[in-house]
Amino acid sequence: MNALIPLPVILPILGAALCVIAARSRTVQRVLSLAVLTTNVVVSVILLIRVDDDGIGVTQAGGWRAPLGITLVVDRLAAVMLVVSSLMLLSVLIYAIGQREEEARFAAFNPVYLVLAAGVSASFITGDLFNLFVAFEMMLVASYVLLTLGGRPGQVRSGMSYVVISLIASTFFITALALIYAATGTVNMAQLSERIPELPSGVQVGFSLLLILVFGIKAGVFPLFFWLPDSYPTAPGAITAVFAGLLTKVGVYAIIRSQTLLFPPDAQQGTVLLVIAGFTMVVGVLGALAQDDLRRMLSFHIVSHIGYMIFGLALFTIAGIAAAVFYVVHHIVVKTALFLVAGLVEHRAGSDRLSRVGGLVRSAPMIAVLFAFPALSIAGLPPFSGFVGKFGLVSAGIDSTDWVIVAVSLLVSLLTMYVMGRIWSDVFWGEPEDPEVVEWMETDASRVPWLMTSATAAVVVMSLLLMVFAGPLYSYAERTAAELLHPEIYVESVLGEGS
Amino acid sequence: MSEPMPPTPEDVESSQAAERSANRRLTVTEMLILDTSVKILYPAILVLALYFLFAGHNRPGGGFVSGLMVGAALSLRFVSGDAEAVRSTFRLSSHMILGLGLALSATVALMPVLLGGSILEHGELEYDLPIFHHVKLTSTFAFDLGVALVVIGLVLMAFAAFGDGRVGDPGDEDDGSDDRLPKVRIRR
Amino acid sequence: MFALLALHLVLGVVIVAAGRILGRQAFLVAAVAPAAMLIWAATKANDVLDGKPVTESFVWVAGLDLTIDLRFDAFALVMVTLVSGIGLLICIYSLGYFTATKPGLARLAGILTLFAGAMLGVVLSDHLIALFIFWELTSVTSYLLIGNDDTNPRARAAALQALFITGAGGLVMLAGLIIIGQSAGTYLISELLVAPPSGNVVNVALVLVLIGAFTKSAQAPFSSWLPGAMVAPTPVSAYLHSATMVKAGVYLVARLAPIFAIQGNWRLIVLSVGAFTMVVGGLRALRQNDLKLLLAYGTVSQLGFMMLLFGVGEYHIAEAGVVLILAHAAFKAALFMVVGIVDHETGTRDIRALHGFGKSWRPVQAVAVLSAASMAGVPLMFGFIAKEKGLGGYVEYGDFVGETVVLIAIVVASMLTFAYSARFVLGIYGVFGLDDRDDVSRSAHAPGIVFWAPAGLLAFFTVLFGVFPQLLDRLVEGATLALYPGSSPKPLELWAGFNEALLLSAIVILGGVVLTLMRTKVARAQRRGSEAIRFLPTGDEAFAGVLRGISVTSRRVTAVVQNGSLPIYIAIIVLTVTLVPLTGFARDIDTLPDFVEQRVHIGFVALITAAALGASVVRHRIAAALMLGAVGYSMAGLYVTMGAPDLALTQFSIETLSTVLFVLVLRFLPRSWRHHAPAIAAPMRIAVAAAVGVAIFVFALSASNARPDVSGPQQSEVMIEDSYSEAKGQNVVNVILVDFRGWDTMGEITVLLVAAVGVVSLARTGRRRDDTDAPVFEEISDGESSEQKMPEALR
Amino acid sequence: MTVLLAFAAAFLFATGTWLLLQRRLSRILIGIGLVGHGSNILLLTSGGPSGVAPIIGSAPAVDFSDPLPQALALTSIVITFGVTAFLLALGYRSWRITHDDVVEDDVEDRFIARRRSEDHIVSDTEDAARAQAAEEDRL
């Protein structure tokens, strides 16, 4: 099994290289990308099953014993993230092909998209803090290129903000790495897990905060999220979906990983994280309410829900982390679905402004149905997966008697429902308010290609499967949480017995 | 989404000044000096780059340095000639170099997995060939070669992106007023 | 039971999906589900009434103790009869109501079926969270049903209002339910009944749960959504907003009162809210001209009454509640159906436009009179039995604080009920018809039998159980026993002898008659009173105020937080990332390390600082780029002195290349930067920069001070050992790059590949492709996708 | 780590931050360059006191500079180079569109900021509907 671990990274890289070579043939590129991403799905699923049965999978790049080389580790958290991300990447690729927009117009799309996939997977499987930086960079540089594909003025503007802020985050990450190496003499995460507790408490706290904030920029938490709602909506339709679904979650993953693995309980920043979570939730949802543009609304909304995940983590209990893990998985799928639907709306109605479109429940009932399920889910309405996540979080919060955050999360949940209700009311009910939209909807070009609809439907179905299989998934999340709260299991798997 | 700001008069003036300086033709003497020095330096740097590539494992150097050296040599050529000269230096188009480089490194990384080892595990091929006698080919060298190729590809592509086309070149029709670039209107 | 719930789900989905084919026949298909439920309930009724509930369980998320436990006991039987019975009648009635086949009709039927399934789930759930799940589903389906006529802005607004208010209540309730569940260690109502949890936390939880129940059952001050919901088609209003969904809150209170009524402030809250609602609803109903709104406010009032009966937690009174639930469903649904008939045939529901009906309308009028009489509590009607029992219960068993006040409230509100019932009847008979309004009623076409028969059947029940209440004895007794195990409910009787309750009933009727006879004066007085308290916001105004508050807050917060300016974002980010961790690092900085390691560093650092300073102040673009280059070259020198030749070489060549690239790009841009309004004033920028500098300084010293605390060796020590022996390379840095940490390098060159592709793709976008040999990563502008493009203005 | 080098790193961070807070992409880019140099100094000094180049056989192993931070710094330098090239392309693209490289404020954000005092959230028709309902809801 362990030989499979690097595949989700190396195959997309190889695929990207071949796609660059085959830049003149879109067919070859498509076959390559689809093949690679499908393989990724298969490999990830196998890894998930094996890891759940046999425990943490470890392989050493170059065959060098840890901590000499770079350790690649797949534990339950990484495995589930791999599975979900590879499914989303594949679905969105199909959607993008169906859209016949950026993917068809730019030879750069396929290779860069594959590198994005590689970067995301690499972030999940790495057991080395510096390698996490490299993985982030793969993912980020790919996202820069995808975000600005087409070079329209809005993209260039937001691209500048996005790249500059990401670069600043990366620089601070390097700074953090330098400081950590200076203090501990290692960047291997398992070794760090052993050595950081030996440091003076102030330095421990400093590192903990520094890493939270550095990853927090990528995760989009308060007060570091501003770049996110400005930049995501300008990306090409399909790309926004992947950004929304995956990129922030890689940041969340990094926060979960670093907080649980690297820091002993007394250096874990539960209170700080709770404060961050609360503000993130509230400010994000208020931002969403103030918008008029569907994709901007949804983008702010990502921020809000990142708060939920941080809330779960901040409790540092099995119940809390399990809920956070479940919520991350749910959110990736559901948010991707929502953005894909937003793309469908834009394609069908020619705009995604709430003030301009309307009445899609009659003119495009399929899109309405595809929107309804993920919207209900994200609003936390039962029995959809969002409810299970919310229920888990609130239960865990009440269990830990953190009343304030419970109250905040419920309030935000209400506002989320209100946001979704507004979207439904303005986009799907009523009549289009803009004659240009009416005119566009009468043209043939406004028909949505079946491949786009099918890809969206596939993701929506996945979100429903999360509801159906919430039971097994939740117990998996609980096992994951138990594993995360016992970092010694991880350390032992990487460094071997008796370390 | 930002609406392009209309250039102010000073802007245009200063941009025109930039155009003039960018388009300034070199004098004949300058050209001659430059040409000659490039002619001497260029192959020298290439040899140096080759040295760095091969010696890298034991002496300072390596794929990055080697690739960057080639890049520096190319930039010299670029200064004396133009983008065309840079592009024609290599038979392969730049994206092929780039792709092949990464493909080479990735294959080297992947190979051991297929053979039952760990990813990136290094291997050696040793042959006794008639003329070269003992030849040792390590996988790390191939990996480093891939690195160098990627770096060269990057430099070539960067020159292709920024290098050609003087300001005001008739080929540059797109100044943002191109109809493919939308003027976003926000309804109030 | 799961099978039957699933039947509702499947049928609902099928009807929605097959809407075009079914047309209005969809309601016939939809009738299958309630019919099946009724038949099943009938087969189980005997066992259930004997106190042997049917249970089923399905484990959904074991980790969260989320199981769907269904329990069909006698009280559930009452509710099921109501939900499915009325549901069946509504389906038939809809056939008469929707004569024209409209496009959204089948959708309505489908969602109605889904709603029925959800509502059955609520009344069958024994598990609190399962109950909540179905509860929320009824909210969602109700949202869709209210907004069914989606082009009407009023429908959209009302739908959102209903969703928001019941949703808010639901969330508050969820927290309460979880607290109760966690305190008790179980979410099962049947287990809570055996071992009720207690404590301060539970008391708070109970308040939260009650808020949820109040919003759902439209108790004041959360009642405003219910009249708004009347924009829904009348069958929907009759079903959801009078007979079933609004009783969910009452149902929950009925279930929990036996467990919690004596804890905390339960009784105080329930009784005051219920009494207030009952009176306020009655007053409002009396003021309406729209028959449907009159009924809606009447429903609010009656729901308050039900709260009063169930909320006390006293089984004699709760028994009256069971009767009232049944009686109310019968008369209120019938009355709604009558309004629907009137509306359908005359096109109005305004009593000022009705001038009485022709002879052929007699059956409808009879239904209206009988049902209204039941609502008013006239003897020989089902409603009388319920009211009489309630009053009797309060008189005989109301031995708690405030009992008299509640009793007075009930009596006053019952008078109002009598008055608005009379107003309804008089309205139907055209007493309020204005002369200047067109006569739309006298000549109105009489409804067909399918249209009025369901209402007629309900009116029949109203009379039947009014005269022979003992027919329901077993059901009511069983239901009361299900709520209060071990209690001994009294049998129902029409004539209980002369007692206080009868006296009160007489007073109520007398008062009602007076109010009706003096209706003009009463109306004037009421109007004056209403004007006098105009400063008090109504529920609707309060809701609009909340929405406005949310809107304004969201705009204000977003305008401040999300100002769109990159420099401000960067300032906040760098300050946060440096100053917050500083709180940790600054704690552990006690000693300073050596000032300098090698003399030569001083020179390099001087060069670096000078060039960095230069790069940040010069106004000439290319000069600034060259300054940056100078910093880079000095760095390369520094690397040499620090024993890092590889790094120096790399730095040197990269600096050369990037300087060339800088110049290549910058040559296009204006030579120097004009002053552009900065987002942040210069002193602030200096302060931020200085703060970052200081923080980094402290970080660096603090982290390196900590090194001796760690016992382990540097990671690289093994690398140096193994470099030559294992990896066959003498240059350790290179060995690390291509071997030990080749995985990093793999990623790194991937980054370079993407950067290269991106650079070309972006820089050449929209440019003419001059020759075939040019890089291929520019846009394909004449390709497959360009012929059909969205109008750009729309994007 | 010596005080001098810590100061150099801090100074590079400070000047870099100053440049990052400007509105011109070219200045921001130079700022990123400076901050990057600052972090590289930190990285390089993180290995402890410097020694001779870590080349086996050229000196005893104990005299070596720590090679790992060097490799890490090299990786980070190269990556930064790639990203810088991309940012330059963005600047170039920006020049083609606006003839400048000013990083403008986000239009949509400014739009919302301007609207902040208005209070209606849903369409006017729904507001009117609500007002009517409020009238009916009086006692």
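Read from first to last, the chains carry the letters A, B, C and D; within each, the first residue is number 1.
The definition used in the following text is that a contact is a pair of C-beta atoms (placed from the backbone, for glycine too) under 8 Å apart; a residue touches a chain by one contact, two chains touch by 3 or more.
Treat the numbers as computed from the prediction; the structure is a model and nothing was measured.
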| item | value |
| --- | --- |
| Intersection of contact partners for chain A and chain D | B, C |
| Chain whose mean Cα position lies farthest from chain C | B |
| Of A-C and A-B, whichever chain pair has more C-beta contact pairs | A-C |
| Core chain by centroid distance, with centroids computed from Cα atoms only | A |
| Chain B and chain D: spacing of chain centres that average the CA atoms, whole Å | 25 |
| Inter-chain centre distance, chain A versus chain B - centres from mean C-alpha coordinates, in Å | 33 |
| Centroid spacing, where centroids are CA-atom means, of chain C and chain D in whole angstrom | 39 |
| Where chain B touches two or more other chains, by residue | 1-4, 11, 15, 58-60, 64, 95, 98-99, 101-102, 106, 109, 119-120, 122, 151, 154, 158, 161-162, 172, 174, 176, 181-182, 184 |
| Multi-partner residues of chain C (at least 2 other chains) | 153, 156, 160, 550-551, 555, 558-559, 562, 564, 566, 570, 574, 645-646, 650, 654, 657, 661, 665, 668-670, 696, 700, 703-704, 707, 714-716, 719, 729-731, 733, 737, 739, 741-746, 748, 750-760, 762-763, 765-766, 776-777, 781, 793, 795 |
| Shared-contact residues (touching 2 or more other chains) in chain D | 1, 20, 38, 40, 42, 45-48, 53, 55, 68-69, 72, 74-75, 78-79, 82-83, 85-86, 88-90, 92-93, 96-100, 102-104, 106-109, 112, 116, 121-123 |
| Chain A to chain B touching residues, read off their complex | 3, 6-7, 10-11, 13-14, 16-23, 59-63, 72, 111, 152-154, 156-158, 234, 353, 355-356, 434 |
| Residues on chain D engaged by chain B in the complex (per definition of touch) | 53, 55, 74, 78, 82, 85, 88-89, 92, 96-100, 102, 104, 106-108, 111 |
| For the chain C and chain B complex, residues of the former touching the latter | 645-646, 649-650, 653-654, 656-657, 660-661, 664-665, 667-672, 674, 727-731, 733-735, 737-739, 742-743, 745-746, 749-750, 752-753, 755-757, 759-760, 762-768, 770, 773-777, 781, 792-793, 795 |
| Residues of chain B that touch chain A when the two form their complex | 1-4, 95-96, 98-103, 106-107, 109-110, 112-113, 116-122, 176, 181-182, 184, 187 |
| Contact set on chain B toward chain C in their complex | 10-11, 14-15, 17-19, 21-22, 52, 56-65, 68-69, 71-72, 75, 78-79, 87, 93-95, 98-99, 101-102, 105-106, 109, 119-120, 122, 124, 138, 140, 143-144, 146-147, 150-151, 153-155, 157-165, 167, 171-174, 178, 180-185 |
